[in-house]
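The data blocks that follow each hold one structure.
Heads up, the next two complexes both have chain A, just with different partners, chain B and then chain C.
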Partner chain A sequence: MTAQEAVFRILRYNPERDASRRYETYRVKIDNRMTVLDALEDIKHEQDASLSFRRSCRSGICGSCAMKVNSLAKLACKTRVVTEVENHGEVLVEPMDNMPLIRDLVVDMNEFWREIDRGTPWLEWDNTLEGSSKENLLTNEQQQVSGRLADCIMCGCCFSDCVSRIFDKNFAGPASLAKVHRLVADPRDKVGANRVPALVGLGLWACTHCYFCWSQCPRDVRPVAAISVLRALSFKQGDESHGARHVNAFMNSIERTGMLNEATLYLRTMGWTTIRDFDLILKMAVKGKAPLPFPRPVPKIDEIRSIFRLAHEVKEK
Partner chain B sequence: MIKHDVIVVGAGLAGLRAAIEAREKGADVAVLSKLHPVRSHSDQAQGGINAPLGEDDSWEKHTFDTIKGSDYLADQDAVEVMCKDAPRAIIELEHWGALFTRFDNGRIAQRPFGGAGFPRTCFAADKTGHVLQTTIFEQSRKNGVQMYEEWFATSLVVEDNVCKGLTAIEIVTGEVHAVEAKAVILAAGGAGQVYNKTSNSLSTTGDGIAMAYNAGIPIEDMEFVQFHPTTLYGSNILVSEGARGEGGYLVNAQGERFMKKYAPDKMELAPRDIVARAIETEITEGRGFANEYVHLDLRHLGEAKINERLPTIRELAIYFAGVDPVKEPIPIQPAQHYTMGGVPTGMNGVTPVKGLYAAGECACISVHGANRLGGNSLLDTVVFGKRAGAKAAEYAKEASATGFPEKPLQNEQKRIETLLNRKDGVKASEIKRAMGSTMFDKVGIFRQKRDGETAVKNVAALKRQIETVSVMDSSRKFNTSLIETLELGFELDLAEVIVAGALARKESRGAHHRTDYPKRDDDKWLKHTLAVRTADGPKLSYKPVTITRFKPEARGY
Partner chain C sequence: MKYAYYPGCVAKSTAPELYNSTALIAQKLGIELVELTAASCCGAGVTNEGNSFLNTVLNARTFAMAENMGLNILTICSTCQGVMRQVQWQLDNDPKLFGKTNEALAEINMKYQGRVKIKHLLWALIEDYGLDKLVQQVVKPLKGLKIAPFYGCYILRPVEALQYESHEKPTSFERLITALGGEPVEYDGKTKCCGFPILFVQRSTAFEMASTYLNNARQAKADLMVTPCPLCHISLDLYQKKAQSQAGFDINLPVIHLSQMVGYALGLEPEKLGFSKHMISTAKVLREL
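Moving on, here comes the complex of A and B:
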């Protein structure tokens, strides 16, 4: 492709000058290989020195240049301009979400780091190893799960685009839980599976499985998959939080009736605390929106139940 | 005023290792870094970290390889310390959680690297730096090391040869602070950005070395600049030596494995200075592609091995060069990679100034001499970071606070205020571009008198220009243009020292190659360069190399 021009629409905000956020448009000569970071550097050095953004390694490993490009969180250095132009006609560049804005494309990541810290994000090793002149013997297979999760560069893309985090500030977020799984999966970690009971407090069940953390991760860490594994572990350890009960109620409803009955789902998840929402339920019932908690099974329910029986048998094996 | 026993400048491997050690020794320690620690340049190391773990290997052999690799400029007592401590350092990192690639028997795997007689390089695929930096950052959190993230140190405060602390900008507010400390450890990395073609991050601007130089400390061996043989053509993103360690070939446009002409025994696994010169020679003599690059061919390794051992290289090549190494050779060219010189230190990080220590790439102990072996820099950071941390903590315990003078803070505030308020002037980016190309073209892989003299003139002119530089952004908060401008000042100071050292050294040794003096000259030049700042530019003097057990001999591979 020959040189052409791309339009960059960039969110600008300087707390010393601007009352509110605004957008500014720049035109940049681009080529096939140019990244969004290259273009931002070009704008800063040729057109507007006041444009602020973080950057360092320019090779996708330091995690500095995370920002929203055409509304999705990405590393600017790993995002090619031509692709964005082809898909969107222009390059809209904005700061990451779910974190306060400092200036232009720079957000305050303290909130993100506080959430990482909630997961006690370090390996607790055995002090008797100190002075030991031998390494732990481990196979590459034993390190495989931790290895993938340790690829995380803490760029914040998953946190920015996390849907659950918008509504639930107690949810520690995808990167934090991925880090916990990295440690739980490491045979050397002294705490290991004992890290799991604390996770309900970190919002283990808040994730809605939207998969943005998977799709937006520049290192293919797949935090949502980590969250699923941690949930299963928590379940095994006798988790009786609302989240775990919801999963149970879900299964139970299907096994018994072949369908999802919102009323039994709600009752079984919330238990006696359902009574707190009595007002709302009554209103819904009046409008015909609340199903009765006495569902009739679907025809041929036996077939569904036999699937469940088989699943239970396989699990026991 | 901010006050600590020990302040560490820089949060890469050396800085964090120093901080952990100082804290374990009971010091009140804080780390100040212009980046969040996980963004540090240590994170970008790929290929590995050396330690003589193998049964047939030994610290003596590692020491010899390192000294021969250094072209006999390394101080041999320091190299011995490093190689003796290497196994302990690796085991410590493993215990802390580092995910090293393993042999089938569960032990830490090792791969061959350039200039090494044994497969001695431990690694985590091709992301060793990331794995180690993450591990050591985790342990620093566990340890409760306090961090000043995104604080940019601007000057050291030294009075009567005693370090009292430093001044720094809190980037988020733009405020200039005095930071008082009984001991300061410089661990701020190398100066790769002085060159326009470099594998280093945009933040690797030599701040620590330049601050020491500006404080009147003579800095050592700055003309020894390592050029990595294999960086991606175009972006100069690093392609790990691990790629050759795993068996990759270097091939010119005639399809010839040309290393057989330059290093018939070691071939692609000769030390970096030799391989970089070989590639550059092939290109200048017309056997490269487009007069710019040669090929690194990994195809014969097969997809499975590439995916297991070199996944990052594959990803980077596909993404940044549009080439899948499984199917096509990678276009590569040499680029600046490592600063062998730096702040002169002893084996415990001690510098000529009381209370000032240095470790990592910004220090010059010297364990790398005229050419560093691949896999020795990560080792240097953790071995000497620990020692500097311990020594600084010990010193801080004994030393009494002598107070922080008012003048330096006021001076820095005034200097920065002036810079911010200058409306018209030269753009920092223009000066930087000119500096980068002068350095690469005139003081690069091959050097000679005439080019050196041109570089002296060019750099002097750029130093005059920066006196009238305009930041072009007068706001305080998160002013990245201000930081870039201050960094450029540091870079120019060091460029001047590199040029002076290179022009004066009339021999070829390791990475310093003079086409007009193509031989090593031990009679006249087996000595370290020291450059001290004066009003007329750097003034050079020399000091002897410490030689213990290995007499300098011819260096063939």
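Moving on, here comes the complex of A and C:
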């Protein structure tokens, strides 16, 4: 254990006193085991009692101390200071994104909770199940499907770092959709897959697969993977939104030629609105980069079509 | 150096400059590319939302083809790289899926053994060719050029599947730019989403993403943006003017492919590398060089 010093640059804002957000620098004696939360406590007790932040369990369970550390949302209690210093030279601490700031590192999480609520995040008890008057146990296999999703501690890290949410306030966000999948996968829920049709309205197809929710989740919930499963269910249920049409066009193109045909993909997904990009298509043609409307299939296309046939059979089963 | 070459769909259709410039730099550096002409599309993170098993088997077939050739796979598209590595990671960690996938492949007399490595050109240049050796090949250093690397998503995340570098503080792209004599520019957005995956679904949101990060690079005084992903290139170059008019501010930032940047530094003709194929003109940047 070596004693050393780390520089903390912390965003400060007190609405009663500050006209705008500012950064303040603190120097903290650290050791190898110290977490960002430990350091914030030290600063609060020894240097500046006015510093505000949320914390409770200190062991990665309650999710209270979520904040941005060096630009990404993390739990302060699970983040080691030395790692941050190694990677970034300093520890930049800011409040989470995508939620209004109340003071210093404390954000108003109502927006996050409202989005969770939009997914009706409670179990609708199926009382027709055998033994449902008493406790209703899941088998190990059933538990494995929803287990990872049930590990969510609602800390808001995924919501903070979600690129889609920054630009699209209708997108309910990763945690909300992961929670829906947790219930869809739970055999005790009587709504089950009937929860899926409402999801297009929650922005099911607005996720870009940026994978920040996967990388920043302190519990490894992997919301983006849950969103992909929900999309697959929606697609199977006959979803006709642009997102589902895009999936359909993609699969058709690969089955026919083995490759993605951008011309037909565009037409099949966008329909008549393709006309908006007529100018672009012309420019592409001039530069010799417009896609061919009828490309030849790749060699051994029969193998690819066999795989389609097999995979559809497996899915039907 | 010899690879089973997987150029991906976009390099074979709307980004011919990526395909051609890769062929030119490979020739110049003595890298042999044996193209997997019978491979299918990787699914681009879309096919798995229609049928995830289909997506797994299609990619496993590509892996098996490379294994039959005794070669590792080289990609030039971050999305192909990310999707293929994710499928491989799932197969390597799920014996049941591995078995089921090989049962399906057996129907077409193929077998995935789990041996093949999948590498993006960026990684191959660093790991296999070596930046020290590459520096010696540079005849036209990118001197004085401020270059914004746009990593995007699929070449970085999820880190568990890609197993290459930290997504929090990646350095591979910056090291390559520096080796070629350029100056990497730091800006907010280099590891964010270009907007492409939702371009056909929520066009205005996609435009906002592209214009925001392009503008951040512009504000950081970048002369040029470089991307390892042709899908990012569609969003950032092909649609830049449309994104710009929606945003209501001027961006006009040239965006080129990684292979073109390498090719230029190796002394290849900009015209042959396809510098005139972009929607945002690269003429000013080339003049300044």
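Quick note on the criterion: the second predicted complex is superposed on the first by the 245 of 317 C-alpha atoms of A that agree within 3 Å, B and C clash if a C-alpha of one lies under 4 Å from a C-alpha of the other, contacts with A are read in each partner's own complex, and residues count from 1 in each chain.
Rule of thumb we're sticking to: contacts are C-beta pairs under 8 Å (C-beta built on N, C-alpha and C of every residue); 3 or more make two chains touch, one makes a residue touch a chain.
Everything quoted here is computed from the prediction, not taken from an experiment.
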Contacts of A:T139 with chain B and chain C, given as first, second, both or neither: first
Partner chain in contact with A:K300 - chain B first, chain C second, else both or neither: second
First (chain B), second (chain C), both or neither touched by A:C62: first
Chain B versus chain C as contact partner of A:T264, first or second or both or neither: neither
Contacts of A:K315 with chain B and chain C, given as first, second, both or neither: second
Touched partner set for A:R33, first chain B, second chain C, both or neither: first
First, second, both or neither for A:F53, with chain B first and chain C second: first
Sites on chain C touched by chain A in the complex: 9-10, 12-17, 37-41, 43-54, 57-58, 61, 100, 104, 107-108, 110, 153-154, 156-159, 166-169, 188, 192-193, 195-198, 200-202, 205, 208-209, 212, 238-239, 242, 276-277, 279
In the complex, chain B residues that touch chain A: 35-36, 38-41, 43-44, 87-88, 90-91, 94-97, 99-102, 104-108, 124, 127, 130-131, 134-135, 138-139, 141-142, 172, 201-203, 234-235, 237-238, 312, 315-316, 319-320, 322, 427, 429, 471-473, 475-481
Sites on chain A touched by chain B in the complex: 14-17, 33, 44-46, 49-50, 52-64, 78, 102-104, 106, 108-109, 113, 117, 121-125, 129-130, 132-140, 143, 146-147, 150-151, 153-154, 183, 186, 188-189
Of all residues in chain A, those that touch chain C in their complex: 70-72, 87-88, 163-164, 167-168, 205-212, 214-215, 222, 228-229, 231-232, 235, 241-243, 246-248, 250-251, 253-254, 258-262, 265-266, 269-270, 277, 280, 283-284, 287-292, 295, 298-300, 303-304, 306-308, 310-312, 314-315
